[in-house]
Structure formats: structure tokens, C-alpha cells
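Here the chain labels run A, B, C and D in written order, and each chain numbers its own residues starting at 1.
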């Protein structure tokens, strides 16, 4: 039987994968993917806990997160394209004009 | 007369603002007029001052932030009265003697703002506002040193500003803690000094608070080992900056000790009496030795200021009428004398663009009037009787003698060492043959310089011969403060020491 | 009588201030004349007061309040009593003569006016010193004369040695003044007043320890002003000043202020005889010590200066042993003949174009008879030959020493008397008699202007006759100070007088004999003993090496090494540390997005780890 | 089984939504109008936006007392009211900066203003809710709008800034979600007051869970408030964005974040778990100190101001750590004064902005640019100097009173150490503020051409600066009314 714990462990694993991705990836696109993984990890957790408590607000939260994630992707990709047009690269290391 | 104190504080600032509209050519005259009016106002204050009343007079009270106990609270007593007059007088003299041409408009306006902050510090009775004026006084000085100083002026100005600012932020913490204690004890917020006077601070808290205020004041005075900003500031500042800095700004620190440390924390003051006195003794001797080693005339006077301020603080911590009255008088006299000495150095610097003693020699024969006035100020500086310097020094040392005679003796070496460095300076610069060709054609004091210096000379003599009106006025307020300290003292040792310090005879 | 008092006091001040108006101008004869007249007015008033005091007793006025703070109140009060009036008379008399003399002496000096201003200021200070009715008033005068002494020693400020000597004198005096200040503070905190009357009235009630301490501190002050060992070196160097100054300040008046102080505080010192004895011992030591240095010195003025030192020693012996009126008497007579001696020396210097080496003089008698006679008179008086003034006063001091049973002191003074006689006449012989050495240097000496000589006559006269006033003087002064009775049998007394006279005469005789024949051989100058004396026991060198140089080095060290390298450096290093930590912290801002994200995540993870550890611990 | 939902319209209290609704409608209307009418002038757009903000303001101050609404997700209490007022006033004051002398592309676009209004709506949602969902929505709405606004500046640096801000924001959103998840898992609720209730019933057990949730929340809000170590975006973003937006960012998002932090952390600090206090303490001290020392070595005034705002945010966090009414009052008073001072400072930077980087290859506003300004434009230099000293906490200028009250709050709660740290930090900070003053007043000018410094000046900018300067200088006059009002509102909301 797959219980709450399993879902939460999955959440934890996915969240960690997301974090590692955020730390390791130097491609902006992959970086955005990693942040999406983070949010989706949270989503799984919310839905599972919501089911566990029999309370709807967790699922509502999950829906909102999905919506927010979608708009984030929209904005993020927009910025990424702007950058790509200007620099011809989506590598993080090209983003080092400002420092110090 | 009801609002004379507000007028005194804000008149120069208003005049400074209007000064923006005055053309550059007339700004010097404008500055002199404003400062003269301000000086007259302060004299009117003195005339209206009731010498038989040791408490605060001309009190103005306006609750600014009543929910937090911050008020616009002005008042003057014997302790602050003469420091106010000193501030207005020295500002006037400094403006009369002003010889800078560059950016003179900004300079005069800055000096007028500085005057506001100086007067403000001495008349304000609300501690937060005191802190505000205290800090504000740094800004004009920063500008004066940094913009009109000599080569290394930025470093000096920044050091002056940062050092004194750092010291006073800790004082701010102390002020707020004191406010907290007052609120704790009475349930009312108040930052009014007379209210605070009524509060008996617990002994432990006194020690910490004394320390917090001490750092702020000690850096300003400046006391060893917090003094190193002073030589730079003086070394780089233009004449007018040095004059005001030495004559008035340093007094804020010693005034703080009298106004705050002693009456607010009597037990802590007695507890720290000996350590403070040791610092004073070190200051006196150490600074005098360094002054002797200097080659720059202005640095000699700068270090001599430190040395003299050591005696001022020693007198303050004598805990008796003689010592404290003496130390306040010494503040005045040091203000006059060091102001005059810096002005004299400025005179020669204007002519030769050097302050090195080795570049001079034999000035006495080329500039006899200059040499005479310098000589008079020098003698006042070393504390010759019948000059203004003696009275304060004598009383301060006499007062502290009651506390500890060994330290008085050690601090008294200041009068020997003071003679040593001052006379050596005089000998190197004024005596001997004129060796440098440039010095042969030097002009003696001109009318402008004389008109700035002669009032100072006159004061040196008059106050040296007849200091009594000033002394009795100060003394009345000091005695009142001593009674207050005695009433507030928590510890028996404090009471005993106050008792001992204020009575003649008995065992040592 | 108050008017006379104020006139006596303020006439010199008026003179000084009036002349000061012209200080920067070239020579104006009238300044000298006005100054002399005003000082003479002061002198006349002093004499009037002398008569008045003699008739009606002391006069005490309080002019105004000066300082008031706490319990302390110091007025400007003046007292003219038997002691101070004697001092006033002595001071104004000598001053008047010196002023008149100076008109001639400073004739060619371009700072003629300034000189008179200073000189009158000195007289004013001295008058304050002697007339004050309290210790702080005395201290005003005390410092005032110090200032004038500084001004006058350094009068020819373009000379390095003069300004150096001026500073030395001032600083040495300051050292002693500190001691005196301490004494004053101690008096104040025990008596509550500085008035002589109050202090002396309270003194017997005070614990002895405190009186002893007061006595010692006050005497330290006296030691400085009266140039007692070890603070004596300034006096000889002070001879850099113009000669009238040496005569007035460094012989007749200022240097005797120390003695005056001890006499004035006699009621205090009589409570502590052991301190008095110590003072006397020091005095006796200085009497011989200074005389020995005078023996070999070749500098005309320095010889006289050492002689002054030696005579001050005599006065301290008397004062220390409680014979105050005798000390005062010697002070007075000494003032007359010593100033005469100096003024005569001034004439010689003028004649010799400021040459001071007595080895380069000789045979001046021929060209300056009047001066020679006057100086000889003064020398005889100094040597203490009957009936000259010095005999009466000095001899009395020896008797006192003998009377007290202090035979050691007596012996020292006895030897001192012989030495005094010898060096005085060595000087007279070398200057006025013997070979005319100065011819080699192409100098043609001539005597001073006649009015200068006439001015000296009163002093000469007093040097001869002053001794005969002894009984009157005693009767007058002992109305105030304690009497002193000598219990030596008459026979012994005569014996002592004879012995003293004998040694003085033999000293003179030896000097005359020896220098008639060209003096001592050169080889003597090579002897260690001679070198020791001619280098003043190496004391100035010692001060130079052990105090001045170390102080200079130490000062430089304190400034450059401690203040700059430690105190200031610490402040700067704190600032620099903060600033450079900013440079380090800046590296966090690498600008790389990955790094930024890592900071965020790692920061969170670290906190998470701590959280887990913390919960586990709970 | 899930309960069927019945909705009571009256209970929804839709009025509570009114302020947000006004701006949302305004933004949509603006976009529609822009579609219909081409070439609307920026002055029209600016003024219309300001009018909508004014309407919103009117709606906001209409409230009295605590009101809940819209399924109880909205909570309009005292602090939300003050925060909204601050947000709206700041928005209304920063917006006219668009009317500079030079024309910038973004200000010509109606989208800019629409996004701006959406952003305000987001902030308002954040402060008027104690529901974690709504806070999240508000946070993300405002952030996404803000990223876009930054990017609209259309410079390479602006894009870089937007991307950096965006990416870190996305990560922070993940943290926020994780934190909310853990709270939800622990308590079964996403309402802060219910979470608090449940936790208190359970005596804050299990501790590790609560701590983990708090840590994630600290990381998420720490990003918004630029607490160390999530502060790294601040200087880069400020540098990349235009001065008005940078100034705006230094004020408004933070006050919204503070209100959320206040609601969350003060509950947690009050839990008696000392460790949390330590974490916040460390964050406060580190944030202030690190930002201050890094600011010391900056060469660009805007970057310096970025670090300065980090440091000021650190002091604000101290208020949350202390958590008394006085501290919370101090927070708002401080921030109001800081708002006016920073408004002035950034507007000055906006005024002196020049098309080309004449003084430095990279920086728009290096210190050297301001050398000897007092000799070229004395008034400008003096006013800028006053803003700098005010930021440094020099009495009697604005920020000093906030700082005074804050330190006093720390002392009254016996956080003496914290008070001393704040004091020492302001002593360090005075150096970099003074550095600008030193350049302006003590250095010799590099150029004598005053026009170089006024290419972007316009009447509206000057008016704004004058207004900010007057408030800064005479701030003492506002202390008493502010204290009175804010204390009342803060206390009535139970903080």
C-alpha cells in the first residue's frame, strides 16, 4: 500500500533533484526546468497531504502553484529569448556583466 | 527675553540660509555682522541672567514627541552660560580673522551653521536633541577641514568624522538605555535632562552607562588613547577650523562630563575616578612630551590642547566646587588661548605657507607685535598668574589635590612640560637670528588680524585679573550639582568621597 | 597711607605699561627717564611706608576679590609690615638705581624702550611678591618675576645662548614652582585659606607631618627661585642677560625671594626645626659649593653670580636656623653690595666691549678709577671686612650657626668666608690691576658716563654704612618675626669674629699676593680638581646628558613610535581591517548566477542541518 | 468525503477585495484603451495610473478595524493598512519619475503601467492576507510583474538583472512552497492564525518539522527581503534596472515581505524556541554587517545604495526579531522615513543620469562622477548630501528617528547586544555615505559643465526631490503623529 510517507519521500527526492539541478546546471533552460521540478515536488506533497487530511485547501494550493509555474515559465522563457537574441547563448556564464 | 535661547540657536542658521543670497564679495562682512549680532545676543543673555539663581533660566519647553518624551527643551545655567558666550565670541573672532579667499561664501555659511550646532549643544536640555546637535556639529567641521585644509585634508577630515561619530553612536545607545531606565522607574518617557537628574540609577547600570557616555565624550575631548584624530584634524584644518575646533568643539566633550556623567552617575563617576584620573595624567604628560618633539608649530599647539584638556577633565573629576568650577573656567580659558594661538599660527602660515619651526627663527625682530601677542598667549597657555590660564589650572589642580595628591603632582608636571615645549617653540621660531631670507621681509600684523587678536589679548588679561564674576556664577550651579550628586549617591563610598572632597581639613 | 601703598605698588606697573607703548619704537630717552622717575616715586612711597610702619605698625589692605570657587576665596590683599616694608625699600632702592644706571648702560641698544618696560614690570612683580598678604598673591609675584626674568635674560634674543638661558631659568623655576603649588594646595586643604594670618594661626593646630610636608614643598619653591642646589645651574647661565638685569634680578631681588618666603613663613618653619636645619645644611653646602666654583671661573659675571649663590646659602643658613631677622638683614646688605658689584662689572664690560673673560683684562684701574673703587668697596663688603656692611650680617650668621651648636655648618660657612674673600679679590686683582692684557685686543677702555657713576654712589655708601643700622634693624624687624638670641659668651664671640675676620683678610691677602705676581701657574689648570671646578662639577653636563637628552629622545620615541606606530596605528588598522574585510566580502558577489543560487541553497541547507542537530539535542 | 460547499455572498465581504479590484480593473482598462488609442503620451499614462492608485488609496483608508473577507483569506488589519498605505504612497511617488526629461522606451508603453498596477495588486494581496496561498499568489504576481518591468528597461544589464532576479525568485518560490507544504502537513491548514493555534496546542511539536518549515520560509522571504545569504541579487538587480525602479524595489517589495515575515516569524519567535531567535539574530547581524562592509568598497553609488538597503533591511529584521509593539511601530516608522529618503536619493541619481557612461566603462554613477559637485551645482550637492547623512542616521534627519526608535525598542526588550550591533553598524555605514559627500564637497570637480548633470532633470523630478528633501529635513515634525497612528494600528492588530 502506498501511503502518505511514500508521497512525502517522493516529494523530498524530487525537491532534492531540483535543488541539485539548480546548483549544477549552467544552461538557463535546464535551470528553469529544475525550478519547475521544485514546484512540482511541492505539488505532489500538497495533493498527498490534502488527501490525507481530507481538506481541500492543499489541492487548491497545488492548482495555484501549477498556474503560477505556468506564468513563471512564460516570463522566464520570454527573458531567456531576449537574452538569447542579444548574446546568442543561454549559458549562465555569459551573465556576468555585473559583479563585485 | 523669553525666547532668547531659541533665537541664539537658530539666528545663525537663519542667517546662514539667507547668506546664500548675499554676493561673494560681501559675504565676509555679512558673516562678521551676523556673528557680532549673535555675540551681542549672548551678552544680553548674560545681562539678563540672574546670578543668584543656580538653576536653569530662560527655560523654553515645547513637547515635540510627547508620546516618546522628546521635547524641545532649552535652558541655561551657570555651567553653560559662558560656554555659549565663548562659542559666539570665538566664532566672531574667527570670522574677523578669516583670511581665506577661495569659496568664501560656502565657508562663511558653513561656519554659521556650525555656530548653530555649537550653541545648540550648550543650551539644549533634551538629551536626544543634545545628541542631534552634537552629531550635526561634525558635518560643517568635516566640510571645513576637508575643503579648505592643506594637502592631507581628506584623510584628516574623514578620520575626524568617523572617529567622533563612532564614539557617539555608543553614547546614543547609552542615552536610550537611560531613557528606558527612566521609563522603567516612572512609567513616563522622558529625555529631559532635569527629569533624569531626579532619577537614581542602579549602580550596575551606572557603570555601563558611564562607560557608554565616556566613550562619546572621551573621543571628543579627546582623551588618551582616543586622541589621534586631533593632531591630523588640526594639522590639516584651515585656521578658522582649528580655532573653532580647539576653542569650542573640544569643550563639548568636557562639558558632557560635567553635564551628564557626574550628576547622572555619581557612583560610577566616583568608582571610575581613579582610572579616569590616570588617563588624565597620562594625557597631560604624554601629550606634553609629544608636543615637545614636534617640528610643526601647529602640531605643538594641537598636542598642547590634549595636555590641557587632561587637566580640565582632572578638575572635573575632583568632585568639588574648586575643581569643577576651575575646570569649566579652564575650558573657557583654553578656548580663548588655544583659539588665539591657532589664529597666530594662521597669521604666519598665510605669510610663509609653512608651519615648520625650522623655517622661522628671529621673527621677534621682524614682526614685533606678532611676537608680543604670541608671547602673551604663550604665557597664558603655560598658566602664568594674572593671565586667564592660571585661574582654571590652579583651581582644577587644587581641587583634585583633595582626591589624590600624587596624581595632582604628576599632572602638575604639565605646567613644567608645558613651559618646556612652549618656550622651545618660541625660541625656535621667534628668537635667534633671521636665517631665512624670506623671513626678512615679513609684514607685521595687519589691521584685520589685530582686530581679531586684540580682543583675545584683552580677555586674557581681564579674566586673569578679575575672574570672580564668572567664577561665582559657575560655582553656584556647580554647588547645586554637587548637592544633587550627594543626594543621589547610592553608595556610602560615594557619599564619603563627596564629603571629603568638599570639606577643609581632616585626615588624608 | 593706603594711597602710598598703592602708589608704591602700581607706579612700576604704570611705568611698564607706559613704556610698553613705545616698545617697538627706536630708542627714546624719555622712556628711561619716566621709568626711573616712576620707580623713584615707588621708592619714596616705600620709604614713607617704612616710617609709617615704624610709627603706626603694619598696614593691611584688601584691594578686591580675585578668585572664588567652592570654599576657596583669594583676594588681592596687600600687607605692609616690618618684613615686607624692608623688602620694598630694598627692592625699590636698588631698582631705582638700576633704572638710572640702565639709561647709561643701554644707551646704544636699539631695544632701549622695551628694556625699561620689562624692567619696570619686574619691579611690579617683585612688589606684588613681597606685599601680598596671602600665599597665592605671593605666587603671582613669584611667577611674575619668573616671567620678567625670562624676558630679561633673553633680552638679546638673537643670541642663541641668551634665549637658551632664559628658557632654562624659566623651566627650572617652574619645576620648583610645582613644588610650591603643591605646598599651597596642602595649605588650602588643611587651613581653608591662603591668608598668612589664617595659615600661621592654624599651623600650630595642624599635625606635624602636614606642617613638615608644607614646609618641604614651600622650600622646594624657594630652592628654584633662589637657585639652591640642585636647581642652581640657571643662575650662572642667566648672566647672558644685560648686566643691570643681573644686578637687579639675579643678585639683589628676585633670587632672594626664596629667602623672603622662608622668612615670611617663619612661623611655620619654627614649628618644624628639623626641616629648618635641613634648609640650613643645604644653605651651608651651597655656600661652599658655589664659592668653590667661583674660585676658578674666568667669566666676570659668572664669578659674581656664584658669589650670589654662595651668599644665598648664607641667608638660608640663618633662615633655616630660625634667625629670620639676620637672614633678612643679610639679604638687604647683600642686595646693596652685590648689585653694586654687578653694576660695576657692567661698567667694565662696556669698557671692554662686552668682553667677559677676566684673564683678558687687567690694569683697568688706570682708566676707570671710579668703577674700580666702587667695585673694591663692594668686594670688601662681600668679603665681610669691618666696618663694611657685609661684615655685620655675615658674621652674625656664623654666630648663629655656632650658637645652634651646628659646628659643621659653622665650619662650612667659615671656609666659605675665606673662599669668598679670595675670589672677590682675585677678580678685583685680575680686572683692575696687574698686566694690561686687553691692550693685546686693541681695546681702549674708558669709564662710564658720570651720571652712571653718581647713580652708583648711594649703593657704595650703603655697602659701607648699612651694617651700622643693625640694632635698629633688629628692633624693627623682630616686632614681626621671632627674635633670635645668641647665647655665646662674649669672649667666644670676639674670638669667632676675629677668626672670621682673619680668614677673610688672609683670603684677600692671598689673592692680592698671588695675583700681584701673575697668578697661578698654567699647570694648575690641568689638574683634575681645577677641571672639576671650572666645569661646575660637571653638573650642567650631567643635566644635559641625563635629563635633557633622554627627554628629547624619549619624546621623539613617544611621538614616532608610540603615538604614531601604536596608538594611531591601532586606530587605522581597525579601519583598514573593516575596509579590507569589505574587499573580501565583495568576492561573494561574483556575479555568477550559479554561485548566487548556491549561496542561497547552501545557506538554507546549513540552517537545516543545524535545525536537525538542534532538534536531536532537544 | 469532501463536504459540499455552499457560498454565502454576504459573508464573502467582497468589499475587502475592492482595493485590489480597483487596480486590476484599472490595469485591464489601460490595456484596452491602449489597444484602441495608439500613441498615448506617457504623461497621460502616468497620471491615469496615479489616479487609480489614489482611488485605491481611498478604498484602503476607508476601513475601520479588523475585517476578514473572501472565504476568510483576506485579513485587513492595522498592519496591512499601514503597509498598504506605504505601498500606495511609495508607488504614487515613484511613478512620476517616468516623466524625466529624456524619453525612455518603457515609459511610453501602456504595458508598463498595467504591469505596475498588477504588481501593486500583488503586494496588496501579500499584506492583506494570512493565508499562505494568497500570500503566494500575491508574491508571485508582484514578482513576475516586477521581473518584466525590469526587463522593459531594454539594456543588456537590465536583462541580466531580470534573469538573475527571476531565477532566484523561482528558487525562492520553490522554498516557499516547501515551507507551506510542511506547515500544511503539520497542521492541516494554510491559514497562519490556524497554524499558530494548532502548533500552540501541540506545544510546537514535532520540533524538527517546525524548524524545517521555518528554515524554508526564512530562505524564501530572505530572498525577498535580501537577507544574507540570499541577498546577492540585490546589487546586480539595482544596478541593472533604472533608478526609479531600483528605488522602488528598495522600499515596496520589502515592506510587503516584512508584513508577511511579521505575521509568520513573530508567531514562531514567540513559540519559545530559542534556536529560532538565534537564527534570526544571526541573520540580522550578518545582513547588516556583511552588507555594510561590502558597501564600503563599492565604486558605484547605485550599488552602494543597494548594499545600504540590504543593511537597512537587516535592521528591520531586528525589529521583527524583537517583536514588541514598539519594535513593530519602529519598523513602520523607519520604513516610512527610509521611503522618503531613498526616494530622494534615487531620484537624484535619476536626475544626473546621462546617456553615455562618461565617467566609467561600466557604472552609470561612479563616485568620481560626483567629484566637486558642490562647485558646479551647490543645491544639488547639498540636497544629495542631506539624503546621504539621513541614510547614515545622522540626526535630525529622517532615518535617524526611525533608528532611534528601533534601538530604543531593542533596549526596552533587553536586546542590548543587538542595540550595540545596530549602533556600531551605523558607525561603519556612515563611511560609505560620507564617501559620496566627500566626493561632492571635498574633491575638485572633474568637469565644470553643469549640463552634464542635468540631462534628465524635469519639473516633476525636481518636485519629487524637493518634496523628499523637505520631508527628510523636517521629519521631526512627523514623528509624533506617525508614532501615534502607527502604534495605534499595530497594537490594535495584536502585534
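As a convention for this text, a contact is a pair of C-beta atoms (placed from the backbone, for glycine too) under 8 Å apart; a residue touches a chain by one contact, two chains touch by 3 or more.
Only a predicted model underlies this, so the values are computations on that prediction, with no experimental measurement involved.
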Innermost chain, taking as reference the mean of every protein Cα atom displayed: B
Maximum centroid distance from chain D, chain identifier (CA atoms): C
By number of C-beta contact pairs, the top two chains: B-C
Rounded Å distance, chain C centre to chain D centre (Cα mean): 78
Whole-Å gap separating chain A and chain C, where each centre is the average of the chain's CA atoms: 96
Averaged-CA centre spacing for the pair chain C and chain B, given as whole angstrom: 36
Where chain A and chain D are represented by their mean Cα positions, the distance between them in whole Å: 26
Numbers and ranges of chain D residues touching at least 2 other chains: 163-164, 167, 171, 235-236
Where chain B touches two or more other chains, by residue: 162
For chain C, residues contacting two or more additional chains: 586, 589, 591, 593, 597, 601
Interchain contacts (touch definition) - all pairs: A-C, A-D, B-C, B-D, C-D
Chain D residues within the chain A interface of the complex: 1-2, 132-133, 136-137, 140, 144, 147-148, 151, 156-157, 159-164, 166-167, 170-171, 173-174, 177-178, 180-181, 184-185, 188-190, 235-236, 239-240, 298-299, 303, 362
Chain C residues touching chain D - in the complex, by the definition given at the top: 578-579, 581-583, 585-586, 588-589, 591, 593, 595-597, 599-604, 607-608, 610-612, 614-616, 618
Complex contacts: residues of chain D adjacent to chain B: 374-375, 378, 389, 394-396, 400, 404-405, 407-408, 411-412, 416, 419-420, 423-424, 426-427, 430-431, 434, 437-438, 441-442, 476, 479-480, 483-484, 487
Chain C residues within the chain A interface of the complex: 586, 589-594, 597-598, 601
Parts of chain D lying in touch with chain C, wherever the complex brings them together: 163-164, 167-168, 171-172, 175, 206-208, 211-212, 214-216, 218-219, 222-223, 228-230, 232-233, 235-236, 275, 279, 290, 293-297, 428
